[in-house]
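Structures for review follow.
One chain, subunit A, links the two complexes that follow: it is found with subunit B in the first and with subunit C in the second.
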Partner chain A sequence: MQVRRFRFSEALAFALVTAALACPTTARAQACCAGAGALTPGRLAPHEDALVGIQSRASSVVGSFDDGGRYAASPRGVGELDFEQDLFGALRVLRHGQVALLVPFVETRRRTPSDGAAFGGGIGDVNLSARYDFFLAGVSRTLPGIALLGGVTLPTGTPVESARRSLAVDATGVGAFQGNFGVALEQSFGAWLLNLTALVAKRAGRNVQGVDETLGTQLVTIAGVAHSFPNDAALAAFASYSIEGDATINGADAAGSARRIFLASVSGVWPITDHWRIQGSIFTNPPFSSFGRNMPATSGLTYTLVRSWM
Partner chain B sequence: MRRCVALLVIAIAACSAPARTASVPEAPLLDDTARTNDARALVARSPLTVITFFSHHCPVQVAHDARLVALHARYASRGVQILAVDSEAGATPERDANEARNRGYPFSIYVDTRGVVARALGARNATYTLVVDAHGTVLYAGGIDSDRTHLTNQATPYVADALDDLLAGRAPRAPEGKVLGCALQIP
Partner chain C sequence: MRRASIIAAMTLAAACGGSSSDDASGAGFPRDPYAVATSDSGALHIEVRTAPTQPPPRGTCTIELFVTDTTGAARDGLTIDVVPWMPAMGHGASVKPTITARGNGRYVLTNVSLFMPGTWELRTTFSGSLSDHASASIPIL
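== the complex of A and B ==
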């Protein structure tokens, strides 16, 4: 049971980081405009002044990676479905800056042979983020778009130790402040857009029942490619690799707690009007050994509706 | 008629030109036969010229092809010419001649090989459009209209409004409009 809770909190932490990646925290620069939107749903295009949206996410845990990176499928009778609805908004500040707010609602359904099934959830950890594009993609042949990204995640969710329902299904947050900082490089080649983003996330320590614990520093790298079509629709594919160092417990390194996970995703955006667009994606942590460490493997999909103002 | 319009335009230009844009420079523009033309001389051919910055790959450009053709049809007989200018890296007269033909443009796309015209006029995005007088003075600068890729009947027709006002002897009701096109890759 203890092991499962640990895995869940880790999964939640990574889910929140992934949510942040999919939203304005890690928005990336662009030439125009749908390609970047396919990569990052909550990002303002250069011509947009504001947007609001909702993203629904559903995923299933199909297995897990142990601390040696070996993959094992979930045992028979054990299952987990994760759902999330993110409300987000972004607002342009200055000419090349944007700030964003993300409010997640997280639900989990878990099932074990011994405890049966349980379902619960609630508000997750709220994220505030900002992005500043020093240089837009496509403006120069040689110099790519360059943007700085920053954000903070607040512990507004329910940490696992405060969960009350069976199987901790109502745990919705990490329980610690998190700050992240990143750089995004992007370049367009006609209708093609290439993106490379690196993010560093640092989590504050917290005290759980008299034990001080701090998650390790996390580095996330993302590489993506998108293609825009004449009707402003776009398809994108991206991959990310997250590396996290050992956690510390009461100031001591918790050896073997470091985590790794690879994520692959294909997404698309379809403009309904100049102000409304829908987006969708499928994603997976490839269920093969060495694609992760100390992490669950999930597969899922997202659906996003965005309303923007120009 | 054209002389009257020209005089009116000169008078209006003195007080209505957007402050952030300069006038059309003396700079080379290649036509569809690769012949060099002077930008200032081109705009001197008409009392009013619509200069629109072209991008062959931009969805916003594609969406506005028909509206540019409609602008030409509506205003050509009233002394207004349209010059499409391709200032993007890699533009060639041959490619743009094909683009103009395929899009049904009744006007030429000129190639601004070094981006001199784009820089002088502050062009950063495709479909950035200016209305200038015969002296190259900018009277309107901004988007073609308020639509992006999904055209509606509710759009504010910035350029048409500016032309109507100028042809009626008034200053444009809005000397600037928001540009919604893709970023231009200017050499």
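== the complex of A and C ==
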């Protein structure tokens, strides 16, 4: 089996896939309610040895889904804007293996009729992740690219109970270790690249304010397609669906606490030089009933700048 | 102690007309409860009313707990601790409510910070003349 060479645009499409994938798994309505992430915006393309970058994210909470999946728009007079700046880097440590580090800075602005507006933030939960590609997409017509993913998120942020500012706007983390494991399948067809990723996430339990709680196991499924163009730009569309079981409170199942959320994202990448690229995306939780459960609905955008070394 | 039994029911009459306040309790709360709960042991019945509006708005609000026993008699003299909690999100609030006994079974919680949309629980522990626990669900839009 002969390994073919990747066009630069195809390699960028790989990178774009990662950027787009990173949105569904790390985009969060509130810093206090994040899911674990094994994907960062900084996946190395096959020809890259290292990269660093920054991703800026802004999103707005437009409504919420109740425990029956019914959507309700946010009432007049209330609002929430969430911002995040992620510093990330990735390094190839094996021919097919790479590790990544992501350091988030999180800010939140909330407004309510009774409290007015408040703004705060700080460093969020740092994430370490690794990826190993057993096969690369496009190497074989019948065998897709197969990769294993793993990640751990450290409770370096400020959990809600430690927040000091009004409306807990300075909460930046979940207050617990999180870990996950996943499998990614990819296949290329000319300028097209298809991706299917599944992640399982577990959050460690914690005892806060006399409540011993463990969030349920989370399963995230992501499907997407990317298309690269002759000028090395690329576009991608992704959808993710996250399901999570009931939480456990003081050893008992907390009925009705399970979560669901669907997210759709469109992304683009534009190469500035061989070493610099910019990426952008828009994402949304469709504000319609049955697209979520026990979750806020958000819409937002990201902007990413990456510097890579080959 | 058996598992916490949560019996919280929305009262339709209270759910509409969000700013209605007929001052039935003397503290600016509506006449009809927003939610009701029964304690783990079944010994206590708790009615939940909210202000300044009912349903409560997102943000800081005031909540009244009207506690009665199985005969319907108001229960005074209880020591109450309340932890607002979001079970689906795995966290509580950053502010601990202040609880004041108003007499005739009424306990008023001030500075209750329900800052996120979703279902909050008022995890309530009773101590003093008895030990018990109850939770009432409070949806926030």
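Simple rule for what comes next: the second predicted complex is superposed on the first by the 270 of 310 C-alpha atoms of A that agree within 3 Å, B and C clash if a C-alpha of one lies under 4 Å from a C-alpha of the other, contacts with A are read in each partner's own complex, and residues count from 1 in each chain.
Quick note on the criterion: a residue touches a chain if its C-beta (ideal position, glycine included) is under 8 Å from a C-beta of that chain, and two chains touch if they have at least 3 such contacts.
The structure displayed is predicted, hence computed values, not measured ones.
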More residues of subunit A in touch with subunit C or with subunit B? C
A:Ser140 in the overlay: touching subunit B, subunit C, both, or neither? Say first, second, both or neither. first
In the superposed arrangement, does A:Thr112 touch subunit B (first), subunit C (second), both or neither? second
First, second, both or neither for A:Pro271, with subunit B first and subunit C second: first
Partner chain(s) touched by A:Asp232 [first = subunit B, second = subunit C, both, neither]: first
Which partner chains sit in contact with A:Val174 here, subunit B, subunit C, both or neither? Use first/second/both/neither. second
Where does A:Arg95 make contact in the superposed view: on subunit B (first), on subunit C (second), on both, or on neither? neither
Figure out whether A:Val78 sits in contact with subunit B (first) or subunit C (second), or with both, or with neither. second
I'd like to know which partner A:Ala163 touches here: subunit B for first, subunit C for second, both or neither. second
Footprint overlap on subunit A, where subunit B in one structure and subunit C in the other make contact: 32-33
Okay, in this complex, where on subunit A does subunit B touch? 31-34, 46-47, 136-141, 188, 190-191, 228-232, 271-274, 310
Within their complex, subunit B touches subunit A through residues 57-60, 62, 89, 124-126, 146-150, 152, 178-187
Subunit A contact footprint on subunit C (complex, rising order): 3-4, 52, 57-61, 83, 85, 87-94, 96, 113, 115-119, 123, 125, 139, 141
Contacts from subunit A onto subunit C in the complex sit at residues 30, 32-33, 61, 63-64, 66-67, 72, 74-75, 77-78, 110, 112-115, 159-164, 167-168, 171, 174-176, 203, 206, 208-211, 213-215, 247, 249-250, 252, 254, 256-259, 294-296
